[in-house]
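Listed below are the structures to be examined.
Look for subunit A in each of the two complexes below; its partner is subunit B in the first and subunit C in the second.
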Partner chain A sequence: MAIIEKLANDLVVIVEEIDHLESVAYNLFLRGGVVNDPEERVGASLVLAELIGRGAGELDSRALSDAFDARGISHQEASSLNRYVLRCSLLSDYLSDALELTAKMVKQPRLPQEELASIKSLLIQDIEALKDNPSRRALVELAKLYFPVPFNRPVIGELEGINATSLKDIVALKEQCFLPGGAVLSVAGKVKASRVIKEAGKVFTGWSGEGPGIPDFKGFPKPQAYHIDSNSAQLQIALIYPSAKFGDHDYYAAKVLNGILSGGMFGRLFIEVREKKGLCYSIYSRHGSTAEYGTVTVYAGTTPERAQETLDTIIEVLTGIKGTISDEELERAKANIVSALVIGEESTGARAASNASDWWTSGRVRTLDEIKEKIFNVTIEDINRHLEAYSPLNCSILTLGSRRLELPVDNKGE
Partner chain B sequence: MAIIEKLANDLVVIVEEIDHLESVAYNLFLRGGVVNDPEERVGASLVLAELIGRGAGELDSRALSDAFDARGISHQEASSLNRYVLRCSLLSDYLSDALELTAKMVKQPRLPQEELASIKSLLIQDIEALKDNPSRRALVELAKLYFPVPFNRPVIGELEGINATSLKDIVALKEQCFLPGGAVLSVAGKVKASRVIKEAGKVFTGWSGEGPGIPDFKGFPKPQAYHIDSNSAQLQIALIYPSAKFGDHDYYAAKVLNGILSGGMFGRLFIEVREKKGLCYSIYSRHGSTAEYGTVTVYAGTTPERAQETLDTIIEVLTGIKGTISDEELERAKANIVSALVIGEESTGARAASNASDWWTSGRVRTLDEIKEKIFNVTIEDINRHLEAYSPLNCSILTLGSRRLELPVDNKGE
Partner chain C sequence: MTEITVKTDVLENGLRLLGEPNPASKSASIGFFVKTGARDEDPQESGISHFLEHMMFKGTEKRSAMDITLELGTLGVQANAYTSEESTVFYGAVIPEYFQKFQELLSDMLRPALVQEEFDMEKKVILEEIALYQDRPHFYLFENALRDYYGGHPAGNSVLGTVESVSGITREMMVNYFKRRYLPSNIILCASGNFDWQRFKEDSQKLCGSWEKGQAGRDVTGFKPSSIQKVYYKEGLSRCHVLLMTAGPSVSDDERYAFTLLSVITGDSSGSRLYWQLIDSGIADGAGADNDEREGTGCFMLYASTGGENLDKVSEVLRKIAATPLEFSEDDLNRAKAKLISRIVKSGELPLGRLMALGNEWLYRQKKHSLKETIERIKAVSQRDIQAAVEKFGLNTWSEFRLLPEE
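Now for the complex of A and B:
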């Protein structure tokens, strides 16, 4: 059971005590992220996230890095689509030190000009590497084409935006985003909540203000078909359609439906496309959601020769699900979701991240028991109702490779 | 502390009781793997590992899959280079059921002829996908060129070998390898050792014989340089050189040295190549070892323009390490290794896998405290001595991409 406290400066602190482990992990979420980058500077937030690791307060780049390493504190600073995320994972004895270092990075980053060029260079390398990774590229391109501005921005930034980013941009972004209002610090592991809250109050003192909100989400387009010509050996297929967002009444129905479609080594997509027909080595569907929107994404990579049959089979599975779910199938999907949930949440890193995400998305933290109960309560009727609201027939389709495919009429975008 | 028992049929059962979790995980290692495939059938073991999931005993393919799924048991059957690995992860209530299903798969797999074509097809898809993944391909090609026969076989199999595999080959392989002698079942989680040993004795009864040994390891070649022309956008650089094998007296020195070279967000390679010069987004070195051999592999992917400087910097770091390690650097590397070890081993899956690996490689199981102590005892002198025995100057270098690089004289293979 998580303990939640709002500090005087509005920073929310969530602590889950897990006594039997030796480690502790925490996530600090700050408002901002790639959606909040200035229009001509998409990727500036990635530069900022790298740059705060290059010195803070009295510590220069090397001293800061050494301070983490000397205590075996694994740390990571990143910018995602809609937030900054600072993660630490460590043996619990060093929690005070770790929090102090994290606070230094967000309150007093040095942001040294001389590190800017090398950071921009390595972020550009990451974008360039996309050319050699068509499966990752297909999903980035699909997001670019399908999501409304600015939610369609690549989470790895844009070449022009990163190139154009100056230190002035970075300083402005830091002033705008690295603020306690709207931020959340989620700690899980071998800790006492009272001590963590006291420590956090101490290291995050002398800090105030509120980070930027999330831009309006303008909704998804009508079904479209996109093709990107590429000389890759395989043909990449990615489908996407709107689904329940976080907090929707049929959110859990969407989760169970996704389990029925694709849950690791089972699920209809896996059975029909991989097991029965051997059409591709890996195939999956994912239900992703935020407070603003939800989507289902289906991905498969296959040879050009097998691509048409693969796409046809995926469409067949997606459109054939309504009204055909059996009780056993439903129960199997639930058992797998709950089992994966419980096992996945046995680590401090997973607990800290889940609690932070819950708060970020809904302003509260669910217990595992609550999630389990909601999953178990989903009925076949719930799923069929959900499928009426969010039909897979509304999917947009992207293919990337050397060949165009025949698409179902509904999804040609004509 | 793990409890170890050898059953009457020589199957070794290792149990680590972890009371405070809800889950249990186990690994069953069986002798065989890709090194043991018949010469013209490289990849047959991968077909076998897929095929045992397609029905066993009275259960056909669907019934077997459903039996796992109905209990939320996540399972995976795989063939690696030198063993078969069957993994399960589940809520502890279902352990008896899971063990029974696993035993059925190894003792009475149905090996249905009608599933063979689709399995071969999907394994071939995985090989074909390598063409679109140059970073993965570089490491597969390096292993092919550098390791002695048959340890140089690709862990994803060979196209010709998989195509040529018949059901007769599969049945013969199963008869040869799926035997209790030399096999190990490692269980970790919320279980009682006495009960697990009793259950294992029951489900693995009526099974006897010993699996095949590992082929002789003929040693590594002199330093070589390999280049593979490819129209990929990036240039892939991979270096490899011999290092301490598992159980060598300087095994732990090799581990600490690797921490100094490359440990997540720290280490000399990371600092020099990524942070200071921004030459590539990701770079790492790994120390891998078995009972037969040890190696260090360094990998970086970068643009053709930055590739020469990247390679030069890597070589500079590798050759500059001897005699230059500071006490603080040593302590930082140790703190990070131990911290990552403790945190990583807090899951049942990790404990089960580590115990199984230890037994497989050395016939005993180390405790975490033993590993920690060995790491803490490593001195700078140990590392310098280790570097004399295993010099990075002996590295072979593979480049994959559109450009050849200037190599250091020692590594031209001339």
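Now for the complex of A and C:
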């Protein structure tokens, strides 16, 4: 059970005590992220997230890095689509030290001009390396084409935006986003909540203000087929269609449906595409959601000669699911989701991250028992109703490789 | 820290049992660690260990492929398997109430029926997997470099095999390979997390006690590397990759701990020599060091990826670090120890993490290190120990491999 406390400066602190472990992990979410970057500076938030690791307070870049390493604290500072995330995981003895270092990075980053060029170079190389990773590239390109502005911005930033980012932009972004209002610090592991709240109050003192909100989400486009020519051994196929968002009444139905489609090795996609026809090695679907939107993404990579059959089979599976789910299939999907949840959440890092995301998306923290119950309560009727609202026939498709595929004729959308 | 002990036993047919029960855990893990992999294959069998790993999910005398798939789903098992040059491992985590059922299922899976139709279908999946890895430059480089570095020594055999070799594998070849390698004395059954050791032992006897005895063996002839320079090209590539390799400790050498720390000092993702010289300065987008321990041999590697304009600079840094492996301070060593210990403790908190550590330790060294002992071992390594380890392996015969875009 998580304990939640709002500090005087509005920073929310969530603590889950896990006594039988030795480690502790925390996530600090701050408002901002790639959607909040200035229009001509897409990727500036990534530069900022890197730059705060290059010195803070009295510590220069090397001293800061050494201070983490000497205590075996692993840390990561990143900007995602809709937030900044600072993560730490460590042995619980060092929690005070770790919090102090994190607070220094958000409150007093040095933001040294001389490190800017090397950070930009790293981020640009990351964008270039995408060309060598076709499966990742297919999903990034699909998001660019499918999502509305600014949610279509690549989470790795844009070449021009990163190049154009100046230190002045970074300082402005830091002033705008690195603020306690709307931020959340989620801690899980061998800790006492009272101590964590006291420590957090101490290190995050002298800090106030509220970070920016999320831009309006304008909705998804009509189904379309996109193709990117590329010379690779496999053809990448990625499909996407709207689904329930976090907090929707059929959110859990969407989760269980995804379990039926893609859970473990028994998901319909895996069985029909890989097990029965041997068409590909990698195939899955994912239900992703935020407070603003939900989507299902289906991915498969296959050799070009077998790609059309792969796509046809995927579409058959997606459109054939309504009205054909058996009780056994439903129960299997539920059992699998719940067990993955229990097993996956044994690490302090996973607990800290889940609690933080819950708060971020809905302003509350679900217990594992609550999620389990909601999953177990989903019925076949719930899923069928959900499919009425979110038909896979509304899918858009992206192919990346040496061949463009034909979409089935009935994929006209609404 | 709760005092957790490692328990062992051996069945009459030679199957070794290993377990670390931890009642505080919310899940339990089981794994079969089979000492067989690419290095145990004849040239015409290349890829067969990995292909067979896939076939373990494809049916037994009493279960069809679909039965296995659905049963794993019903038990909510987070199951997987992998094949390396050295071993093949089948493992999974379950909630404690399904532990016994999962043990029965996994034990049955290890005696596959190898049905012809399933065999033919799975071959197609394997060929797709080969195509998938062809598109991954990092994998492409390591696969080719290991083959050339080991120059015909079995440690350099490819795990996936080639389109030609896999296409040529027949069901009969697989049956023979299975009979030759999947003998109980060549397998460890390991469990960790929330389970009952006594019942696990009794069930193991019931489920695996009738497996036929035999000796699998392995060629563990050592290997003396020579210095090779080689460049591979790949069409449409955007990054350049450089890999340096030299001799390092084998799985049974005591210098393993010294070398593990040396790789953290040299190539860790934070605060290492490679980090400060290549990543912090932004001239490479990826860099790392690793010691790849095999039975009877091993190698130490330095790696980086970069854009074409910085290729020479990056190679120069790698070579300089290769020539001066001992250029680090006592503080560097202490930071490496702190990071390594913290990672080991965190990984040990997960039954699956502990399972892998235990199974692999026992597979190669027949030692049952508790987490505490492993940590003590790491703490004890001094700067002098690393110096002695480096002197023992020389670290002076380096090979260099590059993967570049085709011009």
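Operating definition for what follows: the second predicted complex is superposed on the first by the 409 of 414 C-alpha atoms of A that agree within 3 Å, B and C clash if a C-alpha of one lies under 4 Å from a C-alpha of the other, contacts with A are read in each partner's own complex, and residues count from 1 in each chain.
The rule is simple: contacts are C-beta pairs under 8 Å (C-beta built on N, C-alpha and C of every residue); 3 or more make two chains touch, one makes a residue touch a chain.
What you see is a predicted model; the values in this text were computed from it and never measured.
Colleague: Is the arrangement of subunit B and subunit C around the shared subunit A a clash or a fit after superposition?
Modeller: In the superposition, subunit B runs into subunit C.
Colleague: Once chain A of both complexes is superposed, is A:117 in touch with subunit B (first), subunit C (second), both, or neither?
Modeller: Both partners.
Colleague: Quick check on the superposed pair: does A:200 touch subunit B, subunit C, both, or neither? Answer first, second, both or neither.
Modeller: Neither partner.
Colleague: Per the contact definition in the header, classify A:188: touching subunit B only (first), subunit C only (second), both, or neither.
Modeller: So A:188 meets neither subunit B nor subunit C here.
Colleague: Between subunit B (first) and subunit C (second), which, if any, makes contact with A:12: first, second, both or neither?
Modeller: In the superposed model, A:12 contacts neither subunit B nor subunit C.
Colleague: Once the two structures are superposed, pull the subunit A residues common to the subunit B and subunit C interfaces.
Modeller: 20-23, 61, 65-66, 68-75, 89-91, 117-122, 125-126, 128-129, 131-135, 231-234, 263-266, 271, 274-281, 301-303, 306, 328, 331-333, 335-336, 338-340, 342-343, 346-349
Colleague: Residues of subunit B touching subunit A in their complex?
Modeller: Residues 20-23, 25, 53-54, 61, 65-66, 68-76, 89-91, 117-123, 125-126, 128-129, 131-135, 231-234, 263-266, 271, 274-281, 301-303, 306, 328, 331-333, 335-340, 342-343, 346-349.
Colleague: Which of the residues in subunit A come into contact with subunit C in the complex?
Modeller: 20-23, 61-62, 65-66, 68-75, 89-91, 117-122, 125-126, 128-129, 131-135, 230-234, 263-266, 271, 274-282, 301-303, 306, 328, 331-333, 335-336, 338-340, 342-344, 346-349
Colleague: Spell out the part of subunit C that touches subunit A in their complex, as residue ranges.
Modeller: 1-2, 24-27, 57, 65-66, 69-70, 72-79, 93-95, 98, 121-129, 131-132, 134-137, 235-239, 270-271, 276, 279-286, 305-307, 331, 334-336, 338-343, 345-346, 349-352
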